[in-house]
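Take a look at the structures listed below.
What follows is subunit A paired twice: with subunit B in the first complex and subunit C in the second.
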Partner chain A sequence: MQVFRQDKKRWREFLIRLSRSAELIAPVKTDLLRFEPITDPEQIYLEKNAYFPLKEWFFRKEEVIFQFTGNKLTVPAFTAPKQRIFFGVRKCDLNAIRHQDMVFINDVGDPYYKAQREHSLLLGYHCNTAPSQYCFCGSMDLVDFFDLMFYDKEDYFLIEVGSDRGEALIAEHHDLFEQHNRLITQDEKHIPGADRLKVKDIAHLYDNPGWKEGVDKCLSCGACTALCPTCYCFEFHDETKLADPQSGERKRFWSSCQLQDFTRVAGDHVFRKEREERFKHRIYHQLDYFREKYGIQMCVGCGRCIEGCPTRIDFVDIINRMERPEKKEA
Partner chain B sequence: MAQGFFRRKGKTAEEADAFQRFIDQKLRELSHTPSGKKRKTSSPARAKIKFPAKKSAKGKGRRKRILLSPGKATMAPEKAKKAAAKRITPVAIVPKRPGASENPYLPKPYRVLDYVRESPDTFTIAVDMKTYHDPGQFVQVSLPGFGESPISICSDSREFIRLNIREVGTVTKALAKLKVGDTVLIRGPYGRGYPMQALRGNDLIIIGGGCGVAPLKGIIDYVYNHRAAYKDIYLFLGYRSPDDILFQKELEQWKKDYHVHMTVDENKQQKFCYEATTGFVTDKLKAAPIDNHGKVAFVCGPPIMMKFTTHILKEKGFNDDQIFVSAERLMYCALGVCCHCMIRGKFTCIDGPVFRYDEIGHIKND
Partner chain C sequence: MIKETTRKKGRADANPSKAKPLIGVFGITGCAGCQLSIIFNEDDILDLIDLVDLRAFPFIKEVNPEEHFDICIIEGLVADKGDLERIKKLRGNSKMVVSLGACACTGCVPAYRQFTLKENYEHLLYQKMEEIQDVKPTPIDAHIKVDYYIPGCPPDKKQILAFIKGAVAGRIPKPYDSPVCIECRQNGNACLLDVGKPCLGPITAGGCDAVCINGGFECWGCRGPTKDMHLDLMIDILRAKGFDDRFIQDRMRTFVGLKLPMLEKVMKKTSEVNVTFKGMPAQRGLP
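Our next item is the complex of A and B:
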């Protein structure tokens, strides 16, 4: 793909211009590092990966599916947001959005997700080194999925074009970019220090007693699923108005497979009652079940579920430990 | 004698189905062809007359009338108009799955045609939902303000669906207060039902426990409509008490046509219970002289009953692929997205709820 070069001074101007014509969203350090709308490029914080993933901008925590009055349903109008440009999205988050697109757009045609996703441009920021000790994106099969990708070269950026819309954006601001003659090499795309997960396929480990070790610390709090950029399970709840119980809204909320109520059916039977079963279910969905259905592993190796875990349960470590005896032989 | 009657009945039902499908396909084709094409096919002489817009609308009506049965002809021009309106405004969201509406989470209103109280905590409603479905498939029934609940279809008709519901949760308790003529919101049908076509020529053994009989009643009704395609039908139905016996109206007919074995767990007051014996349905199955030759078994009921039943069936020589079980899970979307119903990577809502035993038999806990 085409490559452009941009000085950091011009990059600043580029972002200011973007924020005038569209809503610019980038990682900002508030209490924790998260994606927020910005007006000034000075606010952008690029040293670490955002603590909260990008997914909440598309697959929202709370979405009104429809409003009802009696049996009459009205779907809230999909307000076409003005173009949103996301800057500073890491490779893991970009791939996570690709995986969520597969589920929500290609599989079920979810109009709520699509409305959020439609008018958005993804400008990536490449990690020169693994930004966290928990990263393991090198172990996952990530692909190039972006509109533009920014490679940080100290005093300038190299920008790789990933889509027609990215190319159009550069054409629109062509005075701020210079053509670059070299392509981005595979070495540059590699993120060093991020291949901690040594096991590709975990199907044979299902009955391994190793799953019990370490998992007994789990608090079943659901932080891992809330911070995961790919987790997409949800639930519906009806909310009625106090003044008029006949009318209200059906809302969609994020859910978490780590909570006991996740599989509770009428009659109070819970299918995955033990924490370790639920933990194992999450890991298997990430690494195994998703691949059965969509052909790729769901996990993108951002390590947020480990960093955000109050007891720091490191599933990468757990899986590696299970394979250790075999590794010694090899 | 009865066989002949059923065969004839079965055939006509099939023919009617085929005809209905043909009509619907034609309707779909008509509403999808771009307007330009249609005008071309109408005779060129007509296009010359002064009011082309009016003429073309008439032409549409005519073309349709040829293809449709006379009863539906009056509906056709309206539909054509709707389709034309759609063509002008581009549709933003294209449904990805067959049968999915534009917004897959949006239920549609249907009317309650019939309400039957089956037992103290169970009732059956009939809803005027005209849809193709396999026995064992389910629909999502919503009551705004209460929520949504997956309910399996317990009938086999193209004109309506029957839903047998047990009052256990918020939604089902609210559904119990419905009356004939009320509106209920439904989306579906969803899931993979029993592969009845593939099982033709077999003896069917239907084993149900409690409200697990409801999805199995879909098979019984299907067999009634396609009697010639299947051989002997054995019903093993277990209930808690004589009060809990479901489908008491239909039971008399079933007893005439099929081998019915019924049990109740206890009958302290010695109530009338349609000759059901006291005990577990699994014991009755164990005692029955059944081998696996040319037979298929369908099991649905509480988890513990399914576990023992499959065990007994395997003792009797049944292979895993001769047993069909029906799974029950918490569900929200019924589209394979929300992940609540996942069993080891399989979605109960799209890969199930009916599973062949070799697909999930090895799973113990999930």
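Our next item is the complex of A and C:
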């Protein structure tokens, strides 16, 4: 893939131009680090990865699936947002989008998700070192998935092109880039300090007593699934109009496998009633079940579920110690 | 007046043949804030009144017969003998009784005095008014059968609407039993436990859109514990954050003490094991 060079002065100019023609969304530090629309590149904060993932921009928290009047359904028009450019997206989050694309676009062709994904350009930002102590993306099978990837080299960026749309964007602003005559090496792509998870396959560990440590510290609050960039479970609710209870909207909301209500079915039966079953279900879906269906692990190793957990349950550490109990830490 | 007729004319009546359900809204001992929550649905209140037959609502109406209700919504808790007689009469005259608000559902703050000795509060009770006869403060389901609960101090105004809409259409909404954290995290809030505030969100049923935490104020648990709460862990976490047992017990009892009869036992049991949390911030903020 082609590589370009851009010094940081021109990078600012580049982003200012982008923000004029499209909605530019990048990590901003408020109380926590989150992706927000920006107008000034000075707002961008790149020291750490965002606390909240990018998924809410595509798989929205609340989505009207259809309106109904009696038995008559109307699907709302898919008004795709105007061109959106995401800057500062890390490798884990880019792959998370790829995994959600597999589910929502390739598998089921979800038009609501698709409408959000269209007209979105993904400009990545490479982590020179693991930005958080909880990162473990190096243990997962991540691939290059971006329109442009920015490698931070102190005074300048090296920019790797990942798609035709990325290339077109550079062509459009060619005065701000220089051709670079070497490729990005595998060494440069490596993120040091991010290969914490030592176990590749956890299928045989399901009945291991080691899980208890995590379950005992789990509140089933669902913070892990809300902050996860790949978790995509949802539920539906009908909201009827007060003036006419026969008409209303069916809406899709985020849900969480950590809740008893998530598996509550007719007759009030709950499939995963025990906390342990729910706790393990998330981890097994991330590392095992998804692979059975799609061939890769769903988890991208961003570590948000650990950083955002009220009790900091480190499932990576728990799994590692199950496989090598002799290395038990205090 | 003209405006009123146009508004009515433009709408198809959902089920003209069916009589509108008769509704009564009553308050016993309480602050009336929950009844106010119904009225706070300003944009929808006219449609609401079209949808049901509001037979009695002493808070806003002049004539209020106390009989023949399909749905009787009661706010407040039983704190004197008059309350008790009143709710028994209402129960007898209603097909369905709904507890509105934390007092009616869980006893809320007024029931807190159950956890202290009588000599601590006796001097504060009405001494000279014979018509007020003190009884043990209890939520209404301690005395009569309650068919549906709309919890919260105050309840979410949208949830009240959703219930009435659902009841009219024969689809009563299922109670919300997931913790406050679900909506809180989805709203993009920072975890208040992380900054050392004694937030009870993880063990408290949500449905409130995490309104307190959205405003930077920790959850006090007004909507009652979830069925699935991890109470002993919650206590351990608050201890690890530096809160003492007295504080934890008081905080947990403020709104829903009567729903946590096991609290003392669990506190004792957990105090025997010293649980540590690796990596969890332990600093104590201002309570």
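Keep this in mind: the second predicted complex is superposed on the first by the 324 of 330 C-alpha atoms of A that agree within 3 Å, B and C clash if a C-alpha of one lies under 4 Å from a C-alpha of the other, contacts with A are read in each partner's own complex, and residues count from 1 in each chain.
One rule holds in what follows: a residue touches a chain if its C-beta (ideal position, glycine included) is under 8 Å from a C-beta of that chain, and two chains touch if they have at least 3 such contacts.
Since this is a predicted model, take the numbers as computed values, not measurements.
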Partners on subunit A (subunit B, subunit C) - clash or fit: fit
Once chain A of both complexes is superposed, is A:L183 in touch with subunit B (first), subunit C (second), both, or neither? neither
Answer with first, second, both or neither: which of subunit B and subunit C does A:V103 touch in the superposed model? first
State whether A:T240 touches subunit B only (first), subunit C only (second), both chains, or neither. both
For A:I16, is the partner it touches subunit B (first), subunit C (second), both, or none of the two (neither)? neither
In the superposition, subunit B vs subunit C on subunit A residues touched: B
Contact-wise, after the overlay, does A:V143 reach subunit B, subunit C, both or neither (first, second, both, neither)? neither
For A:D288 in the superposed arrangement: first (subunit B), second (subunit C), both or neither? first
Would you sort A:W254 into first (subunit B), second (subunit C), both or neither based on which partner it touches? second
Based on the superposed arrangement, let me know which partner A:T311 touches: subunit B (first), subunit C (second), both, or neither? second
Per-pair minimum CA distance [subunit C against subunit B, superposed on A] in Å: 5
Residue overlap on subunit A between the subunit B contact set and the subunit C contact set? 240, 245-246
Residues of subunit B touching subunit A in their complex? 92-97, 100, 102-107, 109, 142, 144-148, 168-169, 172, 183-185, 303, 328-330, 332-333, 335-340, 342, 344-345, 365-366
Would you mind writing out the residues of subunit A in touch with subunit C in their complex? 31-32, 34, 51-52, 61, 216-223, 226-227, 239-240, 242-246, 254, 256, 259-261, 275, 308, 310-312, 314
Residue numbers of subunit C touching subunit A in their complex, please. 11-12, 14, 44, 47-48, 50-51, 161-162, 165-166, 168-169, 177-179, 181-182, 185-186, 188, 190-191, 193-194, 201-203, 227-228, 230, 233-234, 237, 277-280
What does subunit A use to touch subunit B in their complex? 65-66, 68, 70-71, 73, 75, 103-104, 106-111, 114, 232-238, 240, 245-246, 248, 250, 252, 255, 257, 262-267, 269, 271-272, 277, 281, 284-285, 288-289, 292-293
